[in-house]
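Here come two complexes built around chain A, the first alongside chain B, the second alongside chain C.
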Partner chain A sequence: MPTETLKSLGDIAATNSWGAIYPELILGCLALALLALEVILPKFAHGAIPRISILGQVLLLGYIIIFDPAGCCNGIAFGGMIELSGTSQALRIFFLLASIFVSYLAMVSFENKTLARVEYFAITLVVTGALSIMAMSNHFVMLFVALETATVGFYILVSYFRQNTLSLEAGLKYLIMGALSSAILLFGIVLLYGAASNPAMAGSSLDSMNFQNLRVFLEANPTDTLSILGMLLVISGVAFKIGAFPFQIWIPDVYQGAPVSTTAFLAVSSKAAGFAVLLTLTKVFSPLSDWLLPLLSGIAALTILFGNFAALTQRNLKRMIGLSGVSHAGFLLVGVVAVQTVPEATNWVLFYLFAYLLGSMAVFCVLAHLPKEWDADLSLDDLGDLAKKNGFLGIALAIGIGSLAGIPPLAGFIGKFLIFVAAFKAELYVLLGVGIVGVVISIYYYFGVIKAAFFEVWSFTDEDEKSDAPAVLPGQSLTALGRLAIVFAVGGSIVLGFFQGPLGSWLSGQ
Partner chain B sequence: MTVGLEHYIALSASLFAIGFFGVLLRKNTLVIYMCLELMLNACNLGLIAFSRYHGGMSGSIFVFFTITVAAAEVAVGLAIIVALFRKRQTVQVPDLNALKN
Partner chain C sequence: MNDSVSLLHFTIAVPIIAAFATLWAGKLGRPAVQIVSITGFAIPTILALVAWIAYSPEVAGGYDFVTRHNTGLESVGISLHLGLNGISLPLFVMSAVVGLAAGLYAAQSKAENLSRYLFCLLIMQGGLMGVFASIDVFFFYFFHELALIPTFVMVGVWGGRDRGYAAMKMTIYLTLGAMISLAGLIALYVKSGANSFDLITLKAHLAAAPLSETVSHYAFGLLLFGFGILVSLWPLHTWAPLGYGAAPSSAAMLHAGVLKKFGLYGLIQIAVPLIPGGVGQWENWIVWLALGNVVVVGLITMAQRDLKQMLGYSSVMHMGYAFLGIAAMSVLGVGGAVLMMVAHGLTVALLFMLSTMIHHRTQTFEMEEMGGLSKKAPVLSAFFVCAMMASIGLPGPGLANFWGEFGIFVSIWEYKPWVLFVAATGIIISAVYGLRSISRVFFGNESEDFLEVQKENSVTDMTWAERVPALILLVLLFFIGLFPKTVTSSLNEALESEPVYAKAEAGE
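== the complex of A and B ==
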């Protein structure tokens, strides 16, 4: 008996292909190296640490894009814990790109604050690695551990401005909501595990938390009550993370209070990871699609409508972006529902995510350069005459917002267009209609932002209220690195709109 | 009466429900936090019971991971609660309403 156990352990160990997860290992090592550098380097050189972090990530991203764009070792590894595929490779590139922008945003917004800084960059790297592993997980244990590594990191990142009450309050709200959603997800996993490991049922397996084994079980028992309940709880837990209706209540508060870099991280990476998990799980739960598809379709429609209507009345910029992000989650959910009948739409959902990344990052880079002590208070009034004061930031904001709104020549338009094509092919006509209504409503509040930035704003501030301090113009902290980041995000939004060139065959699913 | 799997699962589900409604209804952040821990422990009990009665090991092993995760969450969570208390002198949910439009 012991030799048998040893042999099976040996078989599992033989599938530990460490080379397959080299980007995540490098991210982890880079995070530790940053902490070590803080101890080694003299105090005046500490400013270089964020730059080292960004440089390391850019080199890693460059290596992956040039030498390993399709993923070196696709397949199942680590004894069924992870499954690497083209999708997980694309998401890996996505998370790295987002994390570079987040590190840059953090560098800008921490500039004139007295805070411990290095930890922020180290935690960003660890969270990015965890999100990337989450996107490739093939087992509920791996999924839960990666999810929690990311979530606990996010608790810290949200409440990072600990002199600021708003940041701490946002941290506490995210903590309670995040822990609640993790517990719901975990209970769903428990029920699924219990149902699928029951030796009295057909298709049961001792390792029933493995996605392949679970799918075999669900195919054999598509009407099992316990598994349907577990599936509902797991989907609810994931819906919390992506901010889908009715689990979006935490979004405006947390997005407003968190530092702008963390808001960007939550809006882009955390949401994308949620969708990666959802894409994997919908495949596992496909035998239960009689329950799953109506549920997801309903959530998608309500999410689009709620996000857009709630964003209409917002004056606070970060709350507005957060709620518009809720409606983007709705569009992505439409894509996920369509993927069930039109498999090539997976890559279209990924394209939408990349377009959303570039548009959002352009907007967040502009927000980070507006002069305001705490960015939780940024409102539409702070954009007053941005275009006149700093034309570069004004144009960047207009293109970023335009791409998010889906204005024709930009990347966001192609993203929405592909999602609508997918919905049409999958014959989801109601969702298609709701999506189009959502786009029309969203144009109203997105253009409110552009109007505030480009046209004269009548403000009734008393002369007495004006402080004597010299006015700080937007964009004074803009460095060459910042211009490069903004040009990349804006340029990407334009280029991907006109020309999908090398992505063309990928988009058509070949 | 012998205690069987369904009794353990009923206990686990009730503990989970008590925790869930505690999170929704209680006003004190620390009590809410205890309710969250109760929910995680209800999950642990369910995992152990299924693992014991169905004969697989993966549930028992998963419990080690969830305990570790719960400990990490407590460490970070209490730090946030303490930092907030120092700033605001309160941890009652109705008083934490500074974030608004």
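== the complex of A and C ==
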């Protein structure tokens, strides 16, 4: 027996291709290096650590894009634990890109605060690696480990501003809700595992947490009650991650209280990871699609409507962005539902994610540069006269918001358009109708942001504007690096709206 | 299909490049801004006129200046496919000319942040040229939105009374309309099975395998109401008078004159030829709602006291005729509708521009507070009388409008005579408000308010900077009115090559 076990372990170890996950390993090493640098470097040089982190990530991203754009070792690795594909490669680049922005945002928002800093950047890197592995997981154990690594990291990142009560409150809420959702997810996994490893059932397997094995089992038993219940719980757990209705309840408070960099991280990376998992799981659960598709469609419709209606009355910027992110999750869910009947829509979902990344990051970068001690208090009023005080930030905000609103000719429009095409091809007419209603509602609050930043400025009465001008102008902390980050996000949003060439062919070429 | 660059690319790209150049020129001062922006408006106009003269398609009624480029969405069936046919050519030329007039007028105006204002206007111009030059349905929609967004900004930032509310209302209405029509276009794309947004491919596909009755019913419905909102089809028109009332004059000129024609153009060029069964299924809707535009909105127009509001309502009213021309589904009716769209675009742009000039002199839009302006500004009054006559559709200065409406009326007579009786009341209505506004503003005794205004600032006649854009519009209007063949020969060829329009003709 021991020899047999050893042999099987040896077989599994033979599929360990460490080279396949080199970006994640490098991220981990970089995180450790940052911590080591804090000890090694003299105190006055600590300011360089965030820059080193960003530089490291940019180099890694550059390497991947130039030398390894399609992923070096696609296929199943680590004894079925992970499966690398074009999608996971695209998401890997996505997470890395987002993480660079998050690191920059953190650098800006920690500027005038007395806080331990280096840990934030190290944790960001670890979480990014975990999210990336989550997107390629092919096994519930791998999925859960990656998910928990990321979630535990987020517990810290959310409550990082420990002098600020809102940040602490957000951390507590995220901790409780996160633990709850993990428990739900785990319970679902256990049910599926139990059902699928029952030797009395057709298609059962010893390694039933492996997605391929589970799928074989579900195909053999598409009406098994236990599996359906397990599927429901797993989907619920993932719905929490993406902030889909009715698990969106934590979003406004957590997004508001968390530091702006963490909000961006949650809104972009965490959500995208949830969708990556959802894309994988819907393939696994496709034998249960009689249950799964109505469920996801219902969630999608309610998510779009809830997100948009709840955002209508928000004046707090981060809450509003959070709730608008809920509606974006709804649109992405429409895409995920459509993928079940229109497989090429996977790339369109990915395109939407990239467009969402660029638009969101442009907005978050602007928020980070508004003068406010705690970004949790940012409201529409803080945008007043932004366009006049700092035209660069004003235009960046307008383009970011425009892209999120799906206004042509920006990337967000192409994303929404592709989702609509997918929905039409999949004959999801009700969802399409809801989507259109959602877009029209969203125009109202997005327009409110533009109005606050622009329209009150170039009006006829600007006489006494100088007297109550704030001491700190927005964008004073804007460095060359910041300009570069914003130009990248804004430029990307514009270019992808006009010319989708490289990204489009790269996504569909895989 | 070739990948080369045609003059159509320049008509789209030049305004957009000039827009950014204008922003940059803002640092160099006002003359630089004016020169750069006017160049940006003038080059597309010259190119459009060249295209008008040089237009000679290989097939009668077909496309000329065709080019095609992949922008990265080829896998979805989208490519930048440009070209002009007989239907789009007159509208293309009209949009270039109205753009030039609007640009010239804006460049000499006293708008704050002139370079940003011209930036928005130039982007809008680039979008407008793209709308009429696109063969790809996706880009047709895309360019429309590109032109639409600056409108909201211009209304919101440089608008007059109630600009915030007007901008918001316009944004929501027009986004709704655009989204519904987008859904209709996607429906065509998916249901045709062509896997292409290319109009020519779609047409070939749908000619071979028409849509089923239910699909064509809802797809046409989506397009009709989506485009209908954009064209201010009654009762979805309420954004228009409000928006035009608040919009700065150049934005109102381009939107009311050109951009609003997008919906009608979409119906004529895309919806009706691709879904021939749709008009029949929705014809009662079209006829009744269009009559609502003509009669109900017409009566509302008569009741207006505010000059700009009146123009806004009158532009809504005239859209009803175009819908009726489409409902008649004949070469004459649709041709009349296109001719009327061109003529109306020129006229309404001229009227909006002149109304702002009147406002500068009288400091009000209230017609009750004006009067006797012709004594101080005879040239302005001559222009206004010409434009208003054209708008009413009287033969004479408004021959172009007259030919358009005449074609529509004849086709309606052949289609449903009772409709003509109702629609013809519109002529009386527009004569009433048109002539009344002329008499109120320009003739009679000077009102007390106007005398007050004159004490503070002297009232002068039109300056040359104001006359040039007005002349440009009026000259083209006269030209098309006197030589309608320059427009209608290629237009008729294009329409006759569409089986759906030609069928009605052959059936008689």
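Assorted remarks:
Simple rule for what comes next: the second predicted complex is superposed on the first by the 486 of 510 C-alpha atoms of A that agree within 3 Å, B and C clash if a C-alpha of one lies under 4 Å from a C-alpha of the other, contacts with A are read in each partner's own complex, and residues count from 1 in each chain.
Operating definition for what follows: a contact is a pair of C-beta atoms (placed from the backbone, for glycine too) under 8 Å apart; a residue touches a chain by one contact, two chains touch by 3 or more.
As the structure is a computational prediction, the values presented were derived from the model and not from experiment.
Of the two partner chains, chain B is the only one touched by A:Asn316; chain C is not. Within the superposed three-chain model, A:Phe417 lies in touch with chain C and out of touch with chain B [touch as defined at top].
In the superposed model, A:Val152 makes contact with chain B only, not with chain C.
Of the two partner chains, chain B is the only one touched by A:Arg162; chain C is not.
Which of chain B and chain C touches more residues of chain A is settled by the count: it is B.
Residue contacts after overlaying the shared chain place A:Phe240 against neither chain B nor chain C. Looking at the shared chain after the overlay, A:Met209 reaches chain B, while chain C stays out of its contact range.
Contacts of A:Leu180 after superposition: chain B is touched, whereas chain C is not reached. No residue of chain A contacts both chain B in one complex and chain C in the other. Contact residues on chain A toward chain B in their complex (touch as defined above): 140-141, 144-145, 148, 152, 155-156, 159, 162, 165-166, 168-173, 175-176, 179-180, 182-184, 186-187, 189-191, 193-194, 197-199, 204, 206-209, 252-253, 256-257, 313-316, 319, 376.
Within the complex, the chain B residues that touch chain A are 9, 12, 16, 19-20, 23, 29, 32-33, 36, 39-40, 42-43, 46-47, 49-51, 54-59, 61-62, 65-66, 69, 72-73, 76-77, 80-81, 83-84, 87-88, 96, 98-99, 101. By the touch criterion given at the top, residues 344, 402, 407-409, 413-414, 417-418, 420-421, 424-425, 432, 436, 439-440, 443-444, 447, 450-451, 454-455, 457-458, 498-505, 508 of chain A touch chain C in their complex. In the complex of the two chains, the chain C residues touching chain A come out as 70-73, 75-76, 112-113, 116, 138, 141-142, 145-146, 149, 152-153, 156-158, 163-164, 167-168, 171-172, 175-176, 179-180, 182-183, 186-187, 189-190.
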